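Report on the structure given below.
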Amino acid sequence: MLTSRPRWPALLFILGLALLLTALLRDLHFGNAPMQVGQAINGVAAHETGAANVVASVLLAYRGLDTLGELAILFAAATGAGLVLGIAFRNGNGEAQAKTNTEPPAGFILRKGADLMFPFLLILGAYVILHGHLTPGGGFQGGAILAAAFFVPQLARPSSPFNERTAHWVEALAGASFVLIGIAGLAGAGWFLAPLLGTGSVGELLSAGSIPLLQLAIGLKVGSELAGLMIALHGPKET
Amino acid sequence: MTWIADVLLLIGAAFLFLGALGLWRMPDVYTRLQAGTKAVTLGSVAMLIGVGIERPDWWPKLLLITLFILLTSPLGSSTVARAARVIGQRPWRAGDAKETP
Amino acid sequence: METLSTATELEWLGWTFYAGSAGLVLLGCYALFAARHALRLLLGLFLLESGVNLFLVAVGFRPDAAAPILVGEQAGSMVDPLPQALILTAIVIGVGVLALGLALAVRVAKEEGTLDLAELGRRLAATHTPATAEETLPQSGRTETP
Amino acid sequence: MIMAWVALACVVTMLVAGVLVLTQRKLIGAIAAASVVSVALSVLLVVLRAPDVALAEAAVGAGLSSVLLALAVRRVGAVDSKEDT
């Protein structure tokens, strides 16, 4: 339970907020979005960026700088969480191994199943990332799947070391390559994250210029960060 | 052809409903896992096959989803059952009180 | 997917979505106010975030439009892609915030031995009270810090 | 028409699960309810024709967030406050 008895001031506030929201929502006509900017983007996105997925083109071409800021926020959150939990990659392996030995070991079925699922999840993540400009999906979604793929074996075999040094290198290189692709666009076409490599024909795997490369960079960065976060939280029990 | 798909979808829906009902009615964690795994696996696989007959161009993806369900569903349930056994959960006997969900 | 037939049906659908998002926002706000446990606070934040995400995507909806993904050479109208890109960003930032909050909660539990917010506030007030006031108002939780 | 019924069912599921998040006695049950909220929300996003966001919500909101919360609960399980166990 949240609390043993209701909090009357909080309930009163919620009631007032509900009245306010009802008053606001009554004037919003559902289904009649004006979408002046959205209409314009829908008209030119496929022609300008070559991506069939308009959301991906907004995320990585029209608003690419914003996505870079988002990656910075995620990086700060992951670094902060690692710092607070006190897991430096110097002593991550030995200490964690010594502490998690008190847990009962995972069963045979879970171990073999995790082994069986690891390549499957890896392929699924790579597919979702690399088809991000054609179908729903992209770097963030595929990165989450990749993080899960690397966390499942850790759950099955708590003693197996997760190579955090490699994860940090992958994360750093992916972030740097995102910035480098952006700067290459600045040098080539005159603005940050300008589409490079030609747009190609809409709907093919090798199209949309640099968007698949950016998706790959985001996927690797997000995947390594989220996997690092989960492994940092998967520590020993506090007593 | 389309009535076969309808029948399969109905079978799938019925088994999913039975699985949910079993999850609610069964007395302890092991019996609940029985209902939640077997009935739901059969229900979802029947549903996926029904969808595949309805939309023949979706076959490859549906096959992969079926494979994934057949792989993960028993894995998850066996892991939960093992964890319940490790923490000392006793199987339910006739006459015991039903556990609160 | 079929399109909607009448205007009343569209209005009805709109109220469904608005009720869902407003309900989630209200539940999240209540949890933020009334939570006594730090992890309940984070769960409330999660609900609040979900409600806002649903609301912003619902604002960009159009009944006669397709998903913003081109299939073949189709060039019909599509729903607004801008809120969708915004929410995609917001979901990922949300999980970052959640993870940072959880890490802080785990650390606080390790240092203080409790996650009860009232108890933690009491301890914080006791630590920050000057030495003279500490004798008169021990552990009251209502100490007024200067 | 069928779309509207799916939306209604999902909104009801979502709100019921949202109430359960606040009223579950055990923290792990509240987390499971939050996961249900995310799954229903991702179906609603598909109805709103936002498949990208739905995929992100299903992978990140329903999957990763619940795993992170459950790992944190496992770590702090012994130091819950008195009325929350």
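Every chain is named by a letter (A, B, C and D) in the order it is written, and numbering of its residues begins at 1.
Here is the rule we use: a residue touches a chain if its C-beta (ideal position, glycine included) is under 8 Å from a C-beta of that chain, and two chains touch if they have at least 3 such contacts.
Everything numeric in this text was worked out from a predicted model, so none of it was measured.
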Can you check which chain pair, A-D or C-D, has more C-beta pairs in contact?
C-D
Can you compute the centre-to-centre distance for chain B and chain C, using the mean CA position of each chain? Integer Å is fine.
32
What's the distance between the Cα centroids of chain A and chain C, rounded to whole Å?
18
Centroid from C-alpha atoms only, then distance chain C to chain D, rounded to Å. What do you get?
12
Expected list for chain D, residues touching two or more other chains, is 22, 50-53, 56, 60, 64, 68, 71-72, 75-76, 79, 83-84
Please list all residues of chain C that touch 2 or more other chains.
13, 17, 30-31, 36, 40, 58, 61, 67-69, 79, 84, 88, 91-92, 95, 99, 102, 106, 109
Quick check: what residues of chain A touch more than one other chain, meaning two or more?
2-3, 53, 55, 136, 138, 140, 226, 229, 233, 235, 238
Please give all chain pairs that are in touch with each other.
A-B, A-C, A-D, C-D
Within their complex, state which residues of chain D touch chain A.
22-25, 50-56, 59-60, 63-64, 67-68, 71-72, 74-79, 83-84
Chain D partner contacts - residues on chain C that touch it in the complex:
1-2, 4-5, 9, 12-13, 16-17, 19-20, 23-24, 27, 30-31, 36-37, 39-40, 42-44, 46-47, 50, 53-54, 57-58, 61, 65-69, 79, 84, 87-88, 91-92, 94-95, 98-99, 102, 105-106, 109, 113-116, 119
So in the complex, the part of chain B that touches chain A is made up of which residues?
68, 71-72, 75, 78-79, 82, 86
Touching residues (chain side chain A, partner chain D) in the complex:
1-4, 53, 55-56, 128, 136-138, 140-141, 144-145, 147-148, 151, 226, 229-230, 233-239
Quick check on the complex: what are the chain D residues that touch chain C?
1-4, 7-8, 10-11, 14-15, 18-19, 21-22, 27, 30-31, 34, 37-38, 41, 44-45, 47-53, 56-57, 60-61, 64-65, 68-69, 71-73, 75-76, 79-84
